[in-house]
Amino acid sequence: MAAMLEVKDIHCGYDGTPVIRGLSLEVNRGEIVAIIGANGAGKSTTMRAICGLLHPERGQILLEGEDISRSPASANIRKGLSYIPEGRRLFPKLTVRENLELGAFTVVDRKVIDERLEEMFALFPRLKDRSTQTAETLSGGEQQMCAIARGLMSAPKLIMLDELSLGLMPSLVEKVFETVVLINRKGITVLLVEQMVQEALEIANRGYVLQTGRVVHSGSARELLDSDEVRKAYMGM
Amino acid sequence: MNHFLQVLFDGLLNGLVYALVAAGLSMIWGVMDVINFAHGEFLMVGMYVSYWIGFFLDVDPLFSWIASGAFLFIMGAATYRLIIRNSLGKSAMAPLLATFGLSMVLKNFCMNRFTPNFRLLSGTVLEGKTISVGGAILSVPQLATAAFALVLLACLYWMLKRTRLGWAIQATAMDSEAAELMGIRTENIYLLVFGIGGACVGITGGLMTSYLAVYPEVGSLFSLIAFVVVALGGFGSIPGALLAAIIIGLVESFTGFYVAAVVKYAAVFAVYLAVILIRPKGLFGW
Amino acid sequence: MNTKKISDGIWYLLLAGALVLPFIPGGIENTFHGHVLTMVFLYASMAQAWNIISGYCGQTSFGHAVFFGIGAYGAAMAVVQFNSLPWYGAPVGALVAALVSIPISAPCFRLKGHYFAIATFAIVEIFNRLFMIWDWVGGAIGLDYPILEDGWRNFSWSSDKTGYYLGALFLFALVFGVVRWIDSHRMGYYLRAVREGQETAESLGVNSSLVKLSAMALSAGLAGLCGAFFAQYNYRVDPPMVMSLDMSMKFVLITILGGLGTFWGPLLGAAVLIPLQEYTRAYLAHLGSGVDLIIFGLIIIYTMIRQPTGIMGLIRGLAPRGRDASNDGGDR
Amino acid sequence: MAILTVRNLTKSFGALVANNDISFDVESGTIVGLIGPNGAGKTTLFNCVAGLYRPTSGRITFEDRDITNLPSWRIARMGVARTFQVVRPLKEMTVLENILVGAYMRTGNPAEAMASAKRCMEMSSLSHYMDRRAGGLTIGNKKRLEVARALATGPKLILLDEAAAGLTTTETREMVELILRMKSEGVTILMVEHIMEAIMPIADKLVVLNGGEKIIEDVPGVVVEDPEVIRAYFGEKYSRRLRKGAKEGNDDGRDA
Amino acid sequence: VAEDKVIKIGALFPLTGPSAVSGQNCLNSVLAAAELINGAYEGFDVPLAATEGLLGGYKVEIIKADHQGKPDVAKSEAERLYNQEGVFAVIGSYNSAATKPASAVAERAKKLFLCGASSSAALTEREYKYFFRHAPTDAIEATEFTDYITYLNEKKGAGIKTLGLIYENTEFGKHAADEGKKAAAKIGLEVVADVPFNNGATNLSSEVQTLKAANPDAVFGAALGGDYSLWVRTMKQVNWLPKIAINFCTGYQNPAVQKELAGDGDYFMGGMSFSPELAKEFMPEALKVQEKFYFPLANQEFDSDSLQEAVMLLVLGQAIEKAGELDTEKVREILATETFVSPLSLSGEVAFEPGGQNIKALSVITQIKDLKYNTIYPEKFKNAEPVYPMAPWDNR
């Protein structure tokens, strides 16, 4: 079976400074794949390239066999991608509820939107309490929850999560990773970037290790967890 | 006190025209945080379009505003594509100065092509018609423009608040990248916003030819007032622009009559400053 | 590091050349290029004065025509109304400009981004219109200099520009000297810190209101001095000449074209824009009305699209490549 | 001796009370950790102490001087430095220049400022990036820059808001070392952190906030055991792991 | 073609900017005069027409310069013309505000500066030696206006007692209004409304409302084209008119503006020193020159302002001929002392008093009707009876 997402030897950067230099990876349907790496390794850049916020200078990105390396992010979202960016990027002046509704912008049916809203509120009850507050006044953690919920509102096939755990309290981190597993059980493929290597690899099927814009290790999550190199470099052991 | 009534109506009518001029600017400013410095020149171009159509084809401004609106829609969109998109995000002042350059080009192009002569359409349907309300005399062309202003502003407001497109525009205004991630085609939104901004001012210009002379410098004062209206109203806010424009119109006509005509704009700018210092983001600003 | 020193060296060499120029026959005297060079240094000084508050401190002011104008009126009032010398009027004008700038800008500093810009537009318009009806300063009719004896005493020359040129050069040295000093001391860092993030700067002990106000007063005072020079040079002052948005735009355009917030940017901008403006007007006007201004506008658009960091950005864009290479070498 | 005292601090935003009647002390020369669920009001508290927000009521004193309503730059000058949770580099300035701004607080002399900035830069291992534009740094380096810049002001008390968030475990270790070095130089530290590996081993005392109220203030060992904290903050699984400590290779919790 | 056989003359006008319309007309007029001088043309009773060039074959070359309506630009362009282009004299500069510093340059450098249309009386009160101006000053025009009012009051029992002034608040408008007020005071006309406005107006309703409220018998106006048509239309809109309205130059004089006002401009009056109607009778040569030289360049008729610039070039040409050489001092001496024949001037001749004012300067008052400028005062030039008071708006 063909991979859901295939990244073939992409190169990209900002203003001529190369960041990603020849990166390839693939994500199969139904998997959870984790990308790990040091700060500045290019994890976020990879994600941005996949979802179309940034176009690679060379290489190909295939979503279900279709080349999406040149299409804008909005088009990719409509094809079933969803990206929850680093730094949340909520609409600061809109309420939590409005933010969530915008997450389902591609959905026209009002009823579907309402159903999904309820699902999200069930997942994150705290958001329900805050649903009329504007996003800018949420605490860091609340904002993160709102961002996840917003990303799920479009009912994507593949969801990409960038540093979900950033700034979350321990019990929430746990909860969020549980949520990821839950999402995945529903049939949504997950590609995630994490600093919490241990936690990420615990839920992932496979993982890639990035270093200065290239994949230096890849394999099943267990392999990586057991690899001395990975443990030394990223888990401080 | 029939002077009072007259002055009041003059102020209101003028204010509505200012609101119409400012609406397009406000949208562009609100959505993209770009000041279109060539806004006044857009108005001037709109007036020329309508003037030439009236002059050669004998079409009344009452109808030719459609053409000038369409023309300016295209011009606005083209300005976005060719100028704004390339200067956006490079430095805060780049789009403003680029459009300043554009304003120089447009003004002097018209100067060069159409001569600096004042051109006034004569024999238009509404020309010289007036109606009298309680002793005050109102000019019908201005009244028509004002009525148009109200309708157009209402449409814009409805579009922004009640339609999916409006939602998309607002989201894009707040964070374009995040909007893109919601599946909103932000590139098209920008294009559209600049087009709509252009169309608004094109329509205004088109209608204004029925009572105002066209010449290459006609836009300068209007654009200055439009800046002030938008800033006073709070950028991106249509009701804000409307209220601010009416305030400006009234200040202008009341100081013009009761104090001295020569200080009326000084008063307008001073009132703007006074308000903005109390409410730094304008009357309806966030 | 080194590249910076070398490029500064080039600049100082050029300036030394500029200083000996008037002593070469045909260097300045009565020539058109003498006029253009004088204007280059005047406008470079103006732009640099503006650069203090708008470039270094990030408060883009479109209101500097007001301060420029007050300085101009200072000199002109001294000469025309009080039959005195510009040497008294100019400093008084500059001081008044600096003082006026404080109450004006203090409330405006609460405004952000374009709101600040538009408020400063409004201030220019208010001053313009008030000076237009203020009879004591000549109102709409303006102030015209009588014909004075040539020389430094009156700071007025009729057939030789050398005096004006040296005056402009001195003004330039003064303004650039002040900025150079600021740039390398605490004030310079504080200005830029306030530009990059006011709250952050305050968390580092920067009293941002004081920093902004003092930068504004300094900037306004220096702009006022430039205005005084302008009045002396043109024998006339009226509000549209010195207190107009057009004048304000010149401050802005020159600096941005050269490189906002950079030390040499204003000189570069003036050195490109002023000759361009003078020569296109002088030699392209025959193409029909406004062609020079159309070309001017196109250049502005082009710059903003292709090189919004100005000419300094262009130069820097070339330099780092060299530096990176040497860095890589050093690492090994 | 308490260098910082917070007494009955309340801060509300409209109807929402972000800090409710909070009191605690920070002893000179110690590391105090401020933890609590997301939205508990930790950043708000920091902002009140640093002068960015005006408290609704209550009193904050620093070295026995009332700083409750002072502007933030004055508080900074008295010796309270802070970092921001959402990093705020002075983007267009280089790393060195960023730190210099802090260094200039204590001296107007360029040479002295440069010397002290360089020292702070080395301490936070940023020397390699000296001439880089701060805006282009990675999150990790930006976090370090926040700390270095605050350090350059020569503070007596430093407020660190999630200085380790977003860092890899290895990087977190480096950050912890940096914090300990600061402590050894006599700087008092009040830090907010969600990464327990970064805070538990070094904190002398933890203050736990929940829903804007202080629920407990004690040494880490006690806090970890506190059922209310576990329920509100750590979660069962996590606190189990915490209690086990980092001494064992903890590959037991792996499921999926 | 010998390069030396050229006399360079600078033409410094506002070719761009707010007064560019007039500036371009002025330039064209100077160009037309230069053509007349340079070629040999039969059948023109104009000095210098029949001969080719000056001083036996020297061609006049016009060096154009644009001051954009800005005094500082005017000053530096004047310097460039004298120093860089080496012009013998400069003609200009329409806006008095620009003429002032530009002519100061000339005076300091002891070069000739000839001014056609700038009307500020201050220009010739400076006692300059090298400055000569053709146009009647605002003071002369204002006196003529009040003379006319006296005439109406005495001869026709018009009973004009009150005066309103509406003028752009620029150096032109302010000067004109000041002179208007002075002249009014002399004949005991009471000023009941004094309304300066900001030029480039987009709406004049408060201004007109102020006038209407004061309801003066007579109004003096000073406004450029766009403002002028807006003023007239606004008066129509509020349905008010004074008994008479007399204008200082510009807007009123511009046939293009009048054409677009399409009859709404009728019955207004203004000071003029040229109109086709006037020319037909008193200056037929001007019409011929217009037909042959000006029309092809400008595609329109002369107006008072532009024609005077041409006159100044012709006067300068005559002075150069008389001097017999290109010597500034000699030419200046001749300009200052002699009287020149000038078929393109209403008075037929030109002579300058110390300070440079043309003592023969003459203007008439015209009233426009059906796009015709009929001369109504003084008696000598009169070709129509005035319509007095102006026909009310609803009766046209």
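Each chain gets a letter, A, B, C, D and E, in the order it is written, and its residues are counted from 1.
Please note the rule applied: a residue touches a chain if its C-beta (ideal position, glycine included) is under 8 Å from a C-beta of that chain, and two chains touch if they have at least 3 such contacts.
Nothing here was measured: the structure is a model prediction, and the numbers come from that model.
Asks: Indicate the lowest number of steps between chain B and chain C, counting one step per move to a touching chain.
Replies: Step count on the best path from chain B to chain C: 1.
Asks: Which chains lie in contact with each of chain B and chain E?
Replies: In this structure, the chains that contact chain E and also chain B are C.
Asks: For the chain pairs C-E and A-B, which is connected through the larger number of C-beta pairs in contact?
Replies: Greater number of contacting C-beta pairs: C-E.
Asks: From the C-alpha centres, identify the chain that is farthest from chain D.
Replies: The chain lying farthest from chain D is E.
Asks: Look at all chain centres (mean of CA atoms) and spot the one farthest from the centre of chain C.
Replies: The chain farthest from chain C, judged by C-alpha centres, is A.
Asks: If you average the CA atoms of chain A and of chain D, how far apart do the two points sit, in angstrom?
Replies: Centres of chain A and chain D (C-alpha means) sit 28 Å apart.
Asks: For chain C and chain D, what's the span in angstrom between their mean Cα positions?
Replies: Taking the average C-alpha coordinate of chain C and of chain D, the gap between them is 44 Å.
Asks: CA centre of chain D versus CA centre of chain E: separation in Å?
Replies: 77
Asks: What whole-number Å value describes the gap between the mean CA coordinates of chain A and chain C?
Replies: Here the centre of chain C sits 50 Å away from the centre of chain A.
Asks: Give the residues of chain B that touch two or more other chains, as numbers and ranges in rising order.
Replies: Expected reply: 108, 111, 116, 262, 265.
Asks: Note the residues in chain A that touch 2 or more other chains, in rising order.
Replies: none
Asks: Residues touching two or more other chains, restricted to chain D: which are they?
Replies: In chain D, nothing touches at least two other chains.
Asks: Which two-chain combinations qualify as touching?
Replies: Pairs flagged as touching, ordered by label: A-B, A-D, B-C, B-E, C-D, C-E.
Asks: State the interface residues of chain C toward chain E in the complex, per the touch definition above.
Replies: It is residues 30-32, 35, 39, 129, 132-133, 139-142, 144-147, 158-159, 230, 233-236, 238, 240-241, 278, 281-282, 285-286, 289-290, 292-293 of chain C that touch chain E.
Asks: For the complex, give me every residue of chain B touching chain A.
Replies: Per the touch definition, chain B meets chain A at residues 164, 167-168, 170-171, 174-175, 177-187, 286.
Asks: Going by the contact rule at the top, pick out the chain A residues touching chain B in the complex.
Replies: Contacts found on chain A: 51-53, 72-75, 77-78, 82-83, 85, 89-94, 102-103, 105-106, 150-151, 154.
Asks: Provide the residue numbers of chain E that touch chain C in the complex, in ascending order.
Replies: Residue list for chain E touching chain C: 15-16, 20, 24, 64-66, 68, 70-73, 75-77, 79-80, 83-84, 97, 100-101, 104-105, 107-109, 122, 126, 169-171, 173-175, 196, 198.
Asks: Give the list of chain C residues in touch with chain D in this complex.
Replies: These residues of chain C touch chain D: 184-186, 189-190, 192-193, 195-197, 199-208, 261.
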